[in-house]
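After this come two complexes, each holding chain A, first together with chain B and then together with chain C.
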Partner chain A sequence: MADVSQAPLQTADGRPLKAALAKAQARAKRRAFLLVLPLLAFVLLTFVLPILQMLQRSFYHDGFSANAPATVAWLEEHPQGSEIDETAYAALVSDLAAMQKAKTAGAAGTRINYTYPGTISIFKEAAREAAKLQPPYKAALVALDKKWEDPLLWVTFRHAASPWTTDFYMVSMDLRRSTDDGLQRAEPEMRIHLQLFVKTFGLSALITGLCLLLAFPIAHLLAILPMRKSNLLMILVLLPFWTSLLVRTSSWIALGQESGIVNDILVGIGIVADDNRIQMMYNKYGTILVMTHVLLPFMVLPLYSVMRVIPPSYARAARSLGATSWTTFRRIYLPQTLPGIAAGSLLVFILAVGYYITPALVGGADGTLISNLISFHMAKANWSQAAALAAMLLVLVLILYWLYDRLIGIDRLKLG
Partner chain B sequence: MTSPNEAFVAFEHVQKSYDGVSLVVKDLNLAIGKGEFLTMLGPSGSGKTTTLMMLAGFETATHGEIKLDGVNINLVPPHKRGIGMVFQNYALFPHMTVGENLSFPLEVRGMGKSEREAKIKRALDMVQMGAFANRRPAQLSGGQQQRIALARALVFDPKLVLMDEPLGALDKQLREHMQFEIKHLHESLGITVVYVTHDQGEALTMSDRVAVFNDGRIQQLAPPSDLYERPENSFVAGFIGENNKLQGTVEEIGQGTCTVRLATGEVIDATPVNVTQKGQKTLVSIRPERVEYKPELFPAGAHSIDAEVLEFIYMGDMFRTRLRVAGSEDFVIKSRNTQGQRMLRPGEKIKVGWHPQDARALDP
Partner chain C sequence: MKKLLILTTALSTFAFAAQADVTVMSWGGAYGAAQTEGHLKPFTAETGIGTVMVDSDNPATPIKAMVEAGNVTVDVASVEYADAIRLCDEGVLETIDMAALPPGDDGTPAAEDFIAGAVTDCGVSTDVWATVFAYDTTKFPEGPKTAADFFDLAKFPGKRGLHKGAKAVLEFALMADGVAPADVYTVLGTPEGVDRAFAKLDTIKKDVVWWEAGSQAPQLLADGEVAMTSAYNGRIFNAAIAEGKPFQIVWDAQIYENEMYVVPKGAPNKDQAMQFIAYATSTKGLRQQAQHISYGPSRHSSLKEPLIFQDGKTEMGPHMPTAPANMANALGSDFQFWVDHDAELNDRFNAWLAAN
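Showing the complex of A and B:
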């Protein structure tokens, strides 16, 4: 026996067993790979590539660097802190003249405008006049607009001189450059991003909590009712999935707006005065109300799938051991539903954080979320700014996911 | 054994219906004495679990009274009854360790930490599981889980422990071992146990008394030996152990004996149990090991009856012989494999007989 176990095992026709096994498995693996190839290609093309491209865009903008070569060259020769002398302005004016010919003054101005607001118009104006300007160019430009001699503008130029930049993240974090090239907080009226992130995460957490409160009893009922009744209830829970999101949101508007059904009824029975109707649409209450409704099934389903398989004998055992029904719920039932609570909460929260249509329709001014700002930037073709905000959202969600894994464990997740 | 007024647990005229149409438990009267080991035995669907659940407080009786220690507990919620319970699937809390499982009933009773630990240790040692306090139920074998479930039901010193087919999921060897241990715990702790099973061997070996359930009624409530040797009706006779049945009519009835004429014309001796007068239809039940086929062993004056050997099975310690008797082809006799015991051959014609008290004339 001993020498048999030493020699490598062979198949009946004398090939080494390992090689034979590898060969036999290789074919199966190749087949499996071919089967998933279409999906793999699809995911790669429609998901991975766009995300990579989005990430790239959030770090890249060549609007200034490509269109102001002379200024870029001057900035490269003169380190930060050098005096912005006449040669610099001469380079700038030559670039502006070229921009006018190539009609690229808008693009260059837009790039600078991200971190130094109000520059698109002065770029366009200066480009128009560039051909007519006479030395000394500094004086000539300053005569057109005071901003041209602002040291901060030149700090901004220096950062836009390379197409690769972290400026969009700086803006997304409500920061701006100071004259000495340091970072400082943006002016109060410009600090909208962090606040919006906080609001998005706060509202999402609130919506998740509301969904959990509403879904828990529903899921429990579904889990304990006899099959026939629970199937009927399940259809009611799933019904929203079968209607368009737009239709659902619009019907909420019909219900909840100032002249809507709910207000009409409340006024009709005299609870609310006609001139004091409740504002529940076009503000953050609208967002909370409608999103809680829209996302509820995503909480019910994972909870239900977990609750359905908890045998009733656990609760009975706890009761027979002397626990009141409340203790039984808290110490026996609730802990066993945790995987469902965790899965549902994660799902609802992540969906809520990125939700767009509902807040756009019913959110009004204070009920919009970060996704609405991203879509605003996309509509204005501010791709890089939109990409930077989206990437930050992605990173925050990933951090949350990581925290979740550390605290609860992703393997305990149970989606259905 | 115990009269109703000194019973520890008493069911009085208890009825239960789940659907308002049919009764699952029909007029149950049962008195269980303190320290007794009572088993409910019966076929599936006969209402054993339902009865146990009413006692535990998870189902309410539709009618009648359930008393514990003389007090009506119909309206007492389960957690206030102080009854230990072992479930068929053990119902150990999966998210708690063995120690936490045992600690749970003590915590809800507000017991201090040191006292809890002492009790948990004692209960675990009792089932020889002292080293497993930190395991999770999923890390235990079926038999070990069973022991923990037992320890958890006992850790808070209940006076009454209910067990619903606690050994149903174990293999035969382990089951027999656990039967012994449960019986041993029952004796050493002096607790009252109500045990549900549909394994009659289990019921007979463990119990002080067995309640045989069928169709929502107790068919017979008796110690195991009575149940086997003196079944009171044909259901119990057929349900417990092996049993030869002969159909007939009562020919003559006297003080403690009767004769029965079988459908095929033969006359046999029997003890009247459920028959009272001549001409009644009856089913005579005789245990296979009480049938004699050696004429010298027939009791004096008793009837004997012709039989033909159909099949002989050698079982080692026993011989099992199937005969044709009075037209029936599944009349079985069992004989011990003693020195000089004769092995019957198929086709052989013999006579069989029995003591009149071994043949019980029951309801048809």
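Showing the complex of A and C:
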């Protein structure tokens, strides 16, 4: 007996059982891996790589550094605080002359313009004249435009001298560079990003709350009705879900605008005066209204899937033991629906934070969100700025996700 | 068999469309239609080179992205003047040889035939268009006459439509505030001037519906969502003349500029694209477009004979931004100003919009 237990087990053809098993398992694993490989490659190519590329863009802009090599070299030799002397201006003028030949003054000026607005023109002007300029170059450049001797311009150069920069995050946080290379808040009339982030998260939370309030009774009704009736109702929930987002948003405009159907009816039955119609489109109420409707199915479906499997006997047992209907709901039913609430809320909130088309169409001035500003920077081809804002949005959502995991637990999530 | 036939026919037309030689990207709506009718179709008919029209909210954006990504699918794009200058400076566009443009029908060399500034290093003007404001005549029988009236909510109650963007809106606000067109850009170049423009906009901010695509403006007016709106003059013309809408344009404080055909660098069919531009901006090509939308042709020779709208009776002349009667208090958009200040003023504009 003892001999047998000490000798390694062997297969019929004499190999050790352990090795044979490992080999067979490895083969199965390889096969399983090959099966998921296409999906993995797809996710990598279409999801992970673009996100990494976006993150890289938010830190990278070589518009100035690639086109002004002499100035960059001068800045590297002279540390922060050195006097901007004639050699610096000579380097700059030689760069400007080269830019004129290569047609890159616009690209370099654009990069500087992002962090020191109103400077793109002096680049183009100076590049046109660069070949004709005579030393002393400082005086010659300043004669073209006074901005060339502004110390802040040279601080900006220093930060643009490396293609790797955090300048775009600085702008995203409504900060500006000061003359002594410190940071200061942007002028009050230029601050926009922080308030827009706050608004985006605030409105998304509100929309999530409204969705939950509306979806809870619907999902409950769906869950307790007999299958035939609940299927019919389910179609009513799914029908808008299957309709194009653009169509739904446009329909809401037709319904809700000042001369729309809802206002016409309200005026018709005398609730609202004709010259005092309700403004529910082209402002933040439009955004809230339409986004709540559009995102409602994402709350109903997870709630429904959780509620359907809650045995009604628990509630009956609580009632038979003397609990009031409120207590039964609060202590028995609600806790069991928590995974559905959590999943629905997370889904709706994350979708809402990144929503773009609906606020763009019905949000007017005060109902637009951070995604609309990202799209604005995309439209202006300021991709680094758009990427920096998008990256901040991503990080904020990840922080929320982490908090959510700590507070509720991601393993309790139930999507259906 | 029949099914197979239909399928192959569909497939072959698709293949033809995909192989079309010149892809033109423009602004859609009435304007895109005018270019399709006036430039694309006759060009194909004359040369046999296929053409395809694609739409965009502003073609300057996608073509820059295409060039930077190294995947250019557009041969010709229709962009605003300031964008044509900016993109050219940034090296995104092919240069265009003025000498390759045909002389006018009356024999005038191209260099003299085009209006001043209409041909730049990288672009050729197709027309002069304007941002104007328009109102619904059924709402105001005694309509607004000046830009100041646009901001007068007491005299002309109702919502206002404005383009969501700093360009043309700030100039318009200053002119409504009494700045003469000649001084607008001097004033707007100072911080006080910018404050003044935003202060003027503040007076109607609560009552503004902001539009983004050119076709939205006449739509808002037609829906009764706004009592008056800024708009591209051709869009209002088409709604009023072709669709019979009761819209009236107010030409006071109009802001006009050239629209340019450009060729993105690396366009797949560059030679055909240049051929297309030469055709489209010839005396005839410009006239053909101007018969479909009320934007002024940019060649003197195109205006020698009166232009008649496609309905066969409306004379286009008085509806063009360049008609003398419409130029009384007009501002030529300063491209240099916008190349310089676009980023700064739009950032300020966005912050102003988002602030409650």
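Keep in mind that, in the parts below, the second predicted complex is superposed on the first by the 409 of 416 C-alpha atoms of A that agree within 3 Å, B and C clash if a C-alpha of one lies under 4 Å from a C-alpha of the other, contacts with A are read in each partner's own complex, and residues count from 1 in each chain.
The working rule: contacts are C-beta pairs under 8 Å (C-beta built on N, C-alpha and C of every residue); 3 or more make two chains touch, one makes a residue touch a chain.
Because the structure is a prediction, the values reported are computed rather than measured.
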* To do: Check whether A:379 is in contact with chain B, with chain C, with both or with neither, and answer first, second, both or neither.
  => second
* **chain B versus chain C as contact partner of A:88, first or second or both or neither** => neither
* Touched partner set for A:331, first chain B, second chain C, both or neither -> first
* Have a look at where A:130 lands relative to chain B and chain C in the superposition and call it first, second, both or neither. => neither
* **Most chain A residues touched (candidates chain B, chain C)** => C
* Classify the contacts of A:196 with the two partner chains as first (chain B alone), second (chain C alone), both, or neither. => second
* Considering each complex separately, which residues of chain A are in contact with chain B in the first and with chain C in the second? -> none
* chain A-facing residues of chain B, complex -> 56-58, 77-85, 87, 89, 91-95, 104-105, 108-109, 152-153, 156, 162
* Structure fact -> Per the touch rule above, chain C residues touching chain A in the complex are 57-58, 61, 64-65, 86, 89-91, 159, 198, 205, 208-210, 212, 223-225, 336, 339-344, 346-348, 350-356
* **Touch list for chain A against partner chain C, complex** => 102-107, 110, 113-114, 117-118, 120-121, 124, 189-192, 195-196, 199, 257-259, 282, 360, 364-366, 368, 373, 376, 378-382
* Structure fact -> Within the complex, chain B is touched by chain A residues 311, 313-314, 316-325, 327, 331-332, 335-336
